[in-house]
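Right, I'll just put the structure down here and ask away after.
In this document, chain identifiers A, B, C and D correspond to the written order of the chains, with residue numbering beginning at 1 in each.
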Amino acid sequence: MTDATLPAAPAETSKDISLIRHALRNRGVFWGGVVLLLIAAFAIVGPFFVADPTALNPINRLKPPGSAGLFGTDMLGRDVYSRVVNGAQISLVVGLSVAVIAVALGLFLGLIAGYIRLMDALIMRLMDGLMSIPAILLAIALISLSGATLATVVVAIVIPEIPRVVRLVRSVVLTVREEPYVEAAISAGTKVPTILMRHVLPNTIAPLIVQATYICGSAMLTESILGFLGAGIPPEIPSWGNIMSEGRTFFQLTPWIIFFPGVCLALTVLAVNVVGDGLRDTLDPRIAKAMR
Amino acid sequence: ETTLRVIPHADLKNLDPIWTTAYITRNHGYMIYDTLFAMNENFEPQPQMVDTWETSEDGLTWTFVLRDGLTFHDGAPVTATDVVASLERWGKRDGMGQQLFANTASLEAQDDKTVVLTLANDYGLVLESIGKISSNVPFIMPARVAATDPFEQITDFTGSGPFVFQADEWVPGSTVVYTKFDDYVPREEPVSAASGGKVAKVDKVVWTYFPDQTTAMNALMAGEVDFFEQPANDLAPLLEANPDITVEVNDPLGNIGFARFNHLLPPFDNADVRRAAIMAMKQEDYMAAAVGDPKFWKTCYSVFPCGTPLDNDVGSEVIAKGDIDAAKAALAETGYDGTPVVIMQPTDIPILSAFSLVTAEKLRNVGFEVDVQAMDWSTLTSRRASRDPVADGGWNMFHTWWIGADVIDPMAIAFSGNPDAGWFGWAEDAALEEARAAFAVAGSEDEKKQVAQTVQDRLWSIGASGQLGQFFNPVAYRSNVKGLIKSPVQFFWNISIE
Amino acid sequence: MAVLEVTGLTVELPPSADRPYAVEDITLHVNAGEILCIVGESGSGKSVTAFSVMGLADKRALTPVAGTITLEGEDLLTASDQRLRKLRGEKMAMIFQEPMTALNPVLRVGDQIGEMLEIHTDLSASARKAKVIEAMRDVSLPDPEKMYRSYPHQLSGGQRQRIMIAMALTLEPQLLIADEPTTALDVTTQAQILKLIKDIQRRKGMGVMFITHDFGVVAEIADRVAVMKHGRIVEQGTVAEVLGAPKDPYTQKLIAAVPSMTPPERPEAQGSVALQTQALVKTYGQQGLFGSGRVVRAAQEVDLTVRRGETLGIVGESGSGKSTVARCVMRLIDPTSGAILIDGENIASLREGQLRPHRRDIQIVFQDPYRSLNPRRTVGQSIIEGPVNFGLAVPEAKARAAELMKVVGLSSDALERFPHQFSGGQRQRICIARALAMEPAILIADEAVSALDVSVQAQVLDLLDDVRERFDLAMLFITHDLRVAAQICDRIMVMNKGEVVETGHTAQVYADPQHAYTRALLAAAPGTGPGT
Amino acid sequence: MTRYITMRVLSTIPVMVLVALFVFLMLRLAPGDPASVIAGDYATAEDVARIREQLGLSDPIVVQFLRWVGALIQGDLGTSIFSGKPVTELIGQRIEPTILLALTTIIFAVVVAVPLGTIAAFRAGSLLDRVVMLFSVSGFSVPVFVLGYILIYTFSMSLKILPVQGYKSPLVEGFGPFLYHITLPTVTLSVIFIALIARMTRASVIEVLEEDYIRTARAKGQSELTILMRHALRNAAVPVVTVIGIGIALLIGGVVVTESVFNIPGLGRLVLDAVLARDYPIIQGLILFFSFIYIFINLMIDLSYTLLDPRIRY
């Protein structure tokens, strides 16, 4: 009764590599990825080639592009081009760190809430509470407590994001933990932390990537809004958000101060979201099927 | 019915001009209250509610007789009792008021219309005090209202001024409505700053606060409002480009930019270090960065606003230099040990934010270690009260500005040299305090000028504060608005809409 | 006269598929008043053929490249979308395999039937309603007036399937296509549905194309049979011809693999008692703070005993509590009351930590071969997980896994592959290997073969019998397929509505059922009549 | 059902207590206090101390908290430190614009986004799908205030067809003026939700379109449009409604900026002003109010599930 002849399985060396290749076949992922890579390269290398973004030159303030610097100067006579270049780093750092922290914490809490019945109500009620505290209040409170730094802004943006990630992860866990292979692992005597890491966590990856790209984009926007409200990143540090919020009074007079960082920000947020949508389309088998 | 639609410079958060010093509340006070004396264009106190007054031979007894026809909005006549109660409440909160009462033996209502002030000793600033133009202004309220604890807010907004406050239409954060007070009897004299005949020429004044400058400007250009009290200087070119809009400077004194050191903490506990810092403060850079168009600012090296009687240049070389190299040399001599300078930067106030950044750059160039800490203005106001070391929440520097009227003479708290009663930063200089005391009793104008020069000399030689220039906020209004009054404070009487 | 004629139909698959054509050169016809059964292995193209006729095949993936389909002489492949929409429902209708998902969960069932009339007739709302109720009565749904307003989830599987049938039949189409309409249903419900379809077909003289992989069903209802394999029709003819004298080797193999309803002789098991439950009760409901108030008594006072080397079968209709008992025994859920004795020790109320040592002794093979292996882990990783948890070194565990792969008839290099690279039957065998890797004393198989077609099913059954003997296992075998139970079980336990209604030796129960429910169950098993 | 609602409402109490405690502590521990703001530039340390005393800010935090909770239990949210007005009255004055703005925004966003998402899903993978999704995502890539300025510049200053700013109550000034003034803020605020809702609708409808009952509907001969409207959308609604619910919570954040840019006297500005001035009673009252609203909306959303999907029962 042996049946040694297996159907010829496609030669697959590594599942992950093929996944990436599969994802890159999606046009959104490809082009969004290209744009993001360019921006990241610009952010890393750019600052070495531009003037000091904080150097003031008040006499030369509000000069249009061309006459003083590629993108003109702002109200303190700082070079908008070098601020935008340096801002790329800050904005990407804000976007990435908010996404990473929110996802990491949300994942941790979501796994626990979803898998351990006792913790569910407690964690979810706490999350409800967190969600009702506006980011602006947090930002100002944190800034007054520990001074305005990149970190306070990141924390202020992260905290309201966490409950949303927790909800998402929890909903995935609730369905996954009913899967027979999780029950099989329980039957095999696997301990809870291992089950979570080995069998539950991988299922949350696809929706989390999408959520993370969304958070990454919206964090960069929120950062600029905090700047607008006067509770953003310290003005000494250039970020796209605070360049725009500082330049907003000059919106009609010297639009370039807002225009250049605005275009960069829009492009980045767009690219990040396009990649996120693309990843969802390729990672979610049901949607991927429809897209074929 | 004519309505004047105004964008005020700030949100009217509360209504008690004695309880708070907020300028917007002061402006509100001028709408609904009247004062005994009022400052004219030349900063001389003129009678306003007072009809006649006389001073005794020894200068200690002052008798004031109220004008006829003064009535409160509720119809009750204004009496001497109301005046006494109002001045007493004011005297418990206002700095000049406290000084006046410190020198006063008694303040009494002799009859319905006569108030008698008896000084305990010689004091030269009686009319300057009760005719004070800026916060806190000794507004006259009904005695029952003035009976409120000065540290508690009043809840009854009955005044005797040219406009009536509409309490039920007040939306804090947004709208304040005033209507013309029909029974107000203006003086005969022509209007001159706060003094003269306060004639309400519109039926209604509506203040709508705009949190956003760009929107405020657009609303004015689109004709949705008539008057914009304090557009950002940088918006002036756009507003000027519109033929229907006039942009002009209405306040002859303007504002004085101010960099304040903490005299208690190193490195600024050393006068030489402070002077080295001041040497680097080139006013042109501050003004260009924060104000922009040179039309709206000028350099001013007198501690008293340029263009006012006490303006002088004694000891000003230190600030007039604006020279990094000189500052470097001066700092080198002090043996500065690299203690970081903590500058508090209020990010919600653009001008002060810009000042902070300019100072930071200059100090760095001079050789200071600088730590700029961004925060909101509220945090700054409470943190600046801390005398603790930096590690425990202290500070080394912050920036602010004074409206010219507030630093017009040596009595201003900004110039205090007494660290116990003085202003944040707590400068200490006995000679300075002596000179300020002398000013209070100085008789003649010349004597006053003399004392003022001494005060200024002391201020510069101890490097009390840095001075960043004199700048002017324009007002912008549509061409159908007529009759603006030149004054450091915005008044809405005498203005008509055509 | 032929209602439906398919000639030379070839449907192309997208380039990524494992073969170029879903179906190739299909020629068949359905006459009026006739039932044509299509049988064949999974993936052979039965559904594609049906969907192509209906014009419902996925346009993005499936393109007919040759052949014609005519319905009463009208060419369907060239018909416009609009014309097709008109024909669907009116002239041809279809019943789908899965009654739960084929109905829109948020619309009332009456309205869903009524939609058919709304699309194709001008009847007024009240006339429609009357007609719908009549149609529901036709398929013998109880109390149609009330059921009209029900939502699908409020009906049982059999009732839902009847709604589908009522829907398909309201407009009395000439052609009815039924794609495995009873696969998901238990035997009693299945029998009712089959009878219903046959009755209506006779009454209305429709042509029916009936797709199934159950030869019992074929024997029960078919006039003619077509056998498909790999996209082609390998044999076609009357029931008697195909079932009685199959010509094609594949058909022969299929028919040979159909298990018999007659249990073979088995020696009485003599081993020690490995597993015992005493008065096991499980009641669902009232979970959490806001849980629903519904209380389900899924298992009531269940007593069972399994000895080493013995297989106890649990049979019964869907929802009778079979899986509940298995999951309680595994302690994947907590029993409400009662005792579970493993080698004499009661594990019913042990905490998870105390349970761990027992986990080694008792293993389960789940019903669903597709979902019980983690798709992201290699087969080898899944198999060694348990032994490694219990302290076996990884290399030894791997060696044991390799050995077990041979036992279940797979090559050991399969350990490096992922589950999606295996067919359903192979996966089921991997699950068995995983369970055996723990060297358990007790093995539970929950519907371990229901999803497989007969030839694969036969292989797995042989394997189970083999390992039971080899490892002297106590086995609990859950199924709703009475033929399968007959072949593998030493003893049979019949469950109905959470209660054990009868237990006994297989041969004895089959030959002489005591309880009325057991009798009904046995009578309902398809294909028990002549022909098998 | 009633039991469920009661339990949900009751379970909000601990949440609100926690939120209240957290906010209270955060406010008191952060530097910056109203007394120094009130006292202003001329005040001496004694003045500030007296004001603190008067405002009860010099008592121990526990005492302050208990005092506040005590008043709260009697339905008193306290009075604003600055304006001296009761917090309830301040919220009352500001609630209408914010609620109506949120409402028009959600309506507008849903009306635009749901059809966009549905069309994109129906033609998933096509050029149309890409264009629609790019359009809806690009709306979400500019900060709200920049978008607001651009819209004001275009529609109010250049085309002169809409007002720059302001809010007109439909109850006082009538519906016409209300719409006239609310249009630009609504569009500004909607953009981010359009992206959110359209994306969710698309994903959800794509999934539903793969369901068997869609095939059943086709087998009946139903037209594609009716299938989308009657069968697909209804089933896709639950996640979409969830996103709308989260959107309303997000609105409270986005509305601050929109209210600033369009000068609408709403709750968003009230919070911001209160935070900047450290007007503790207003902040505390508003956060409680927000968490209440938020919990209420979540409850409504959960209840709406039972209407949208008869399988869901509580």
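Definition applied: contacts are C-beta pairs under 8 Å (C-beta built on N, C-alpha and C of every residue); 3 or more make two chains touch, one makes a residue touch a chain.
Just so we're on the same page, UniProt names per chain: A, D = ABC transporter permease; C = ABC transporter ATP-binding protein.
Given the structure is predicted, the values throughout are model-derived calculations rather than measurements.
Which of the two pairs, A-B or A-D, is linked by more C-beta contacts?
Result: the pair with more contacts is A-D.
Using mean CA coordinates as chain centres, what's the chain B-chain C distance in Å?
87
Once you find the CA centre of chain C and the CA centre of chain D, what distance in Å lies between them?
Distance between chain centres, rounded to whole Å: 49 Å.
Please compute the C-alpha centroid of chain A, do the same for chain D, then give the distance between them in whole Å.
22
Going through chain A residue by residue, note those that touch at least 2 other chains and give them in order.
Touching at least two other chains: 140, 144, 230, 248, 251-252, 290, 292.
Note the residues in chain D that touch 2 or more other chains, in rising order.
In chain D, the residues touching two or more other chains are 11, 30-32, 149, 153, 260, 272, 276.
Could you pull out the residues of chain C that touch at least 2 other chains?
If we look for residues of chain C contacting two or more partner chains, we find 289.
Which of the chains touch, listed as pairs?
Touch list across chains, by label: A-B, A-C, A-D, B-D, C-D.
Taking the touch rule as given, give the residues of chain B at its contact with chain A in the complex, in rising order.
On the chain B side, the touching residues are 213-214, 232, 234-235, 237-238, 284-289, 292, 345, 347-348, 350, 353-354, 357-358, 360-361, 372-376, 378-379.
Considering only the defined contacts, which chain A positions touch chain C in the complex?
Interface residues on the chain A side: 1-4, 6-7, 9-10, 12, 15, 117, 121, 179-181, 183-191, 198-199, 202, 290, 292.
Under the stated contact criterion, what part of chain D meets chain C in this complex?
My answer: residues 4, 7-8, 11, 211-213, 215-223, 230-231, 234-235, 308-311, 313-314.
Which residues of chain B touch chain D in the complex?
Interface residues on chain B, with respect to chain D: 11, 13-15, 19-22, 93-95, 135-136, 149, 151-153, 155, 171-175, 208, 210-212, 214-216, 218-219, 221-222, 224, 348, 375-385, 393, 400, 402, 406, 413, 421, 423.
For chain D, which residues are in contact with chain A within the complex?
Result: residues 11, 14-16, 18-19, 22-23, 26-27, 29-32, 124-125, 130, 133-134, 137-138, 140-146, 149, 153, 195, 199, 203, 206-207, 209-210, 246, 249, 252-254, 256-257, 260, 271-272, 275-276, 283, 287, 290-291, 294-295, 298 of chain D touch chain A.
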